[in-house]
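Got a structure for you, written out below as structure tokens; questions coming shortly.
Note that the chains are named A, B, C, D, E and F in the order they appear, and that numbering of residues resets to 1 at the start of each chain.
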Amino acid sequence: MPYERTAGRAQDALRPVRITRHYTKHAEGSVLVEFGDTKVLCTASVEEKVPPHKKGSGEGWVTAEYGMLPRSTHTRSDREAARGKQSGRTQEIQRLIGRSMRAVFDLAALGERTIHLDCDVLQADGGTRTASITGAFVAAHDAVTWLMQRGAIARSPIRDFVAAISVGVVQGTPLLDLEYVEDVACDTDMNVVMTGAGGFVEVQGTAEGEPFTRAELDVLLTLAGKGIGELIALQRRALGV
Amino acid sequence: MPYERTAGRAQDALRPVRITRHYTKHAEGSVLVEFGDTKVLCTASVEEKVPPHKKGSGEGWVTAEYGMLPRSTHTRSDREAARGKQSGRTQEIQRLIGRSMRAVFDLAALGERTIHLDCDVLQADGGTRTASITGAFVAAHDAVTWLMQRGAIARSPIRDFVAAISVGVVQGTPLLDLEYVEDVACDTDMNVVMTGAGGFVEVQGTAEGEPFTRAELDVLLTLAGKGIGELIALQRRALGV
Amino acid sequence: MPYERTAGRAQDALRPVRITRHYTKHAEGSVLVEFGDTKVLCTASVEEKVPPHKKGSGEGWVTAEYGMLPRSTHTRSDREAARGKQSGRTQEIQRLIGRSMRAVFDLAALGERTIHLDCDVLQADGGTRTASITGAFVAAHDAVTWLMQRGAIARSPIRDFVAAISVGVVQGTPLLDLEYVEDVACDTDMNVVMTGAGGFVEVQGTAEGEPFTRAELDVLLTLAGKGIGELIALQRRALGV
Amino acid sequence: MPYERTAGRAQDALRPVRITRHYTKHAEGSVLVEFGDTKVLCTASVEEKVPPHKKGSGEGWVTAEYGMLPRSTHTRSDREAARGKQSGRTQEIQRLIGRSMRAVFDLAALGERTIHLDCDVLQADGGTRTASITGAFVAAHDAVTWLMQRGAIARSPIRDFVAAISVGVVQGTPLLDLEYVEDVACDTDMNVVMTGAGGFVEVQGTAEGEPFTRAELDVLLTLAGKGIGELIALQRRALGV
Amino acid sequence: MPYERTAGRAQDALRPVRITRHYTKHAEGSVLVEFGDTKVLCTASVEEKVPPHKKGSGEGWVTAEYGMLPRSTHTRSDREAARGKQSGRTQEIQRLIGRSMRAVFDLAALGERTIHLDCDVLQADGGTRTASITGAFVAAHDAVTWLMQRGAIARSPIRDFVAAISVGVVQGTPLLDLEYVEDVACDTDMNVVMTGAGGFVEVQGTAEGEPFTRAELDVLLTLAGKGIGELIALQRRALGV
Amino acid sequence: MPYERTAGRAQDALRPVRITRHYTKHAEGSVLVEFGDTKVLCTASVEEKVPPHKKGSGEGWVTAEYGMLPRSTHTRSDREAARGKQSGRTQEIQRLIGRSMRAVFDLAALGERTIHLDCDVLQADGGTRTASITGAFVAAHDAVTWLMQRGAIARSPIRDFVAAISVGVVQGTPLLDLEYVEDVACDTDMNVVMTGAGGFVEVQGTAEGEPFTRAELDVLLTLAGKGIGELIALQRRALGV
């Protein structure tokens, strides 16, 4: 008997996804992205300089930072600023977000400037990293539009859309877009990042319990592809492009 | 000629204040407090243990942490978690919030448990510390109600309301509840924390430019008292008590 | 019955204050300041460069650092250098000292150089931050004299004197210049920084126990004004100006 | 025309792999693993206690740390101990090694003790994380044998073999076991961790340049499976089991 | 022609040495030690617990920390607490002071308690580590007397006196007790720690320029022995024993 | 009856010493040095820049870092990179290695470049610091040869050989080149660094138990001289010079 999801959600259904642009007023891009009860504020900040390894290259840089508010989770976690360091998990996630964004950016077309993406989790219910990537792209898009409107760049450095989703197997049932209780229960957990054209940017699959088979992997990748197609449609609708 | 405020605001008027309870779902208290464009998420988390200096005392503890999202401000600031330490300003503010809460708590009545208040600034436009105190109190109140409903404590450890407001002198004009452009321009900047009974918990006045006189101080304290009265009325209305 | 102070000190009396200039030999200003048993070594060091935010501004900078020797206190505290970070209290105090000094400095007249004030507590008995401000001013004055004698600056950037004192209410009695046992026992604790002209630079009042009233605040401010007048007279005598 | 590898290596060939047990004398398991010019020293240390989250659980723990000697690489990198923190890359790799080991350990059968795996890169030429996993397993196996010989545990907690390999696409050619020059040049880079039974433990694929297709992914997974089969045969031979 | 020392000091003469006990009031031992213009405040603090490696051993511990006030030196140095770490030099010195004290302590006779020695340099003019050791011994002696007077220990755990001096060769001339200008100019620099009975506790010789010969070493050790004999006489006089 | 050493080693005999050049392939100098079971990998890396205090001086710099792999020792030690700081012992040792190298380098002849020596202990059995110095010299020599072969410098900046050995007294018997069990048991422990010409660069003697006498010191220095003579012969043979 297949696993029953909260609120009768189908195995291949996303949670309700909301993308709210202009959520805060100072950033060049500011997006609240919600995957069900997971809520992440993604801001894009333009800085007119680049990190040392890009200085003088004529190219720009796109980078990301990630954080969880201490009580975004079921039980309060220590504040990383107070502990004095970011956890390995945090660093892993922010590196993933940065790589995903750069996969669709033409850094030469961006020019010698940096777009900083800050993804801060206000409320967590599974899938914070995939929501972050999906929302960060929209924020980055708004920052690029802002740069173009001011004439700072002539053409958009964005070459394609990018979004991410988690998939997993819970009690033998392949599921799209895991919420927290599913994430905790799953045997296999996979995060997939894909472009609008359907190319893979990242595939990260982990066996939490038993190792997974090639067949399971295939099912999960197909499921992820379906979800990402829907997410990119939602990004397009939010951006009106 | 007196200083003209944004949107024709009167010298002794608060910005529109909104207090939204249950803003996120995991915390025992979760309040979004808005003073105009300043938006702070205040959560209260109950932990069934106390810091070392209270162990075995029979008393509880109330403490606070404060943070600003990197792009809550006009230009992006470094993420404190990434820099590996909290700034002096951050520590000063979180110590002030903690003291202000403890001023109205009967720690013995709380029992050996801790209430952690996390004040995270989503958007900054002046007055983040006073909004934090005002919102944190409501979140703490909700956490206490939660404890009482579960029978963990018999009577409320909260002895009075507490709220905070900034006042200052800009171009010779005393103003209530400074927004960012006023904060930058002011000669004298004062943060005042008061209880529902009208007692002072904290008075922190700083001459940014010229030293201030006793007469100016008196005017500012009166102005603060007026504003705090209004804030406490708003807290009461939000809490329905 | 009013509170009885150590050694029959009057409620409005300072402890014996001693200001010893040229206490150590390398610094441009070096002052041992004693408020009774509180002893703080304040040195002023001139550096011919400014921090990044002042570079190219034509203006100088005045800044302070504060520390307590591990056994300056009743029981030994951890050494902050060994723990690897300064406490929130330390940062709060050194920020206060720095602001207080800058309140009487004309940074343009100082030119693009920095005066570093180091306030190190050799022995603590209450009032270390107010002693630090009072002594740091004298050290800064000596550093300015040294600069003028070498012809580095034509006129003094010091616009007024500045000193600080603590006041508080113990068992209902308002007291000037709290020593340690009074500081521990007080309901209300206030630190006041004023200029020679009688203007307020900082007023920081905290209710340790019960909130304080406007009337108490008024009494304390008057008491502080009296004490600071005496301190500035002692600074003048020490400097012979 | 397909990409030509160093020394005429076939596209689906591993570099010469050497597994030297008992490389150093103090550790319960000590293995030098070489994938061509990549050389990693993997030690397994048994500690008779567990981290806090396992205390009293009856279960043990297996964890890993990873480091590169400063001049294991083409140009010298900063020593992480001197910089005072581990990079995000280091943390990502050591988390991956730890998860891979735990995937084949029955933690209950291990009992309340910890096996620490230290993977230190003496010389790097691509594939340090996959060599680390492959070598760490052999070191962990030796540590388990040591525990069994001393009668500390009755049966082996190791449920299967585990090994890892990198695969990638360089100039359109899918390659097994990338060396440094190939790693730098590749469009798609994937690290795969599999068990002796052929199950997947981790799949981490990253598009370095263009996104990759489902077809490319399939080819790379097959290639990885072939390589891991050979590695596990080499582990068996080295262990004589 | 031999090197001419400041103020006509003989090659084998100490600078004026002053040992002032009870310099500050809170510590169980508090000594200001002066070797000419080098001034170090040495406090001894008794703590009724021991570090982990001594817990349950029945033995006590004696340990030291060292610091320089930022402007104890010719030019201001960064404050180690603000930089967030102690320099290698600081750690080297405080380890040396600790070992020197333990060399004359019977840790079993001390009982399970710790004596913390804090050596803080108020003014530096060469020889701060040797002055620290010489002064720390007197402070430790006072702390032991305090313990005996309170009946905490029956007999003194101090088995002998200990003191330290620097010697060096400047322009071919062997010198006792180097001051700063000599320290900077010397070819060979040696710090020697000896007991009252004339035994060596530490000998640390460093060739700053040319390597030194066995003959030079012999001359320097004899010179050090003479100086330490005088220092121990001064310690005895200060302690009245 | 004199102390019996492992494997019948004579009191004045070194352990078998092996110096293996070109141990790893990327570094300009790479030496595995073995003193019996103590194994240290010493690499020399040339960097075409100097630290700030040498900038513009026309002189180069030679510096060292030291580390122990976590399980190079009998029981596993914490990884310094994970703890976030180097221990005092580590800093002391790396400073000693750096000074020892600079004692035989003509920094002007090196030109404005840095040689970084990294000494990483793969296996420890006493004498890691003396093995590090002995091996680092050979690595530095290879780096200098590499610089000369490329025409970067015209003549060698190396003025003499340098090597180091430990000596100590165990149960009244003076011993050369202490292994771990001897190091733990010794009363007096001394590390000596000497040049090929027989000059002393460093002498660091510590009484672990009873203070040592001048006569013991003399015996130990003679023993060290013998050992260093042999080590320098081995360095010459390894380098073929």
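Basically, contacts are C-beta pairs under 8 Å (C-beta built on N, C-alpha and C of every residue); 3 or more make two chains touch, one makes a residue touch a chain.
Keep in mind that what you see is a predicted model, and the values were worked out from it rather than measured.
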### Query
Starting at chain A, what is the smallest number of hops through touching chains needed to reach chain F?
2
### Message
Measuring between Cα centroids, which chain is at the maximum distance from chain D?
### Response
C
#### Entry: Centroid-based (C-alpha) most distant chain relative to chain A
E
### Query
Where in B-C, C-E or A-D does the D-F interface recur, with over half of the contact pairs identical by residue number?
C-E
### Task
With chain centres taken as the means of their Cα atoms, state the distance from chain A to chain C in Å.
51
### Query
Per the centroid of Cα atoms for each chain, what is the distance between chain A and chain E, given in Å?
59
### Task
Provide the list of chain D residues touching at least two other chains, using ranges where the numbers run on.
84-85
### Message
With touching defined as stated, please give the ring order of all chains, chain C first and chain E second.
### Response
C, E, F, D, A, B
#### Entry: Contact footprint of chain E on chain F as seen in their complex
85, 88-89, 91-92, 94-95, 99, 103, 190, 194-195, 197, 199-207, 210-214, 217, 221
### Message
Could you list, by residue number, the parts of chain D that touch chain F in their complex?
### Response
24-27, 30, 37, 39, 41, 43, 45, 47, 65, 67, 69-76, 79-82, 84-86, 90, 116, 118, 120, 122-124
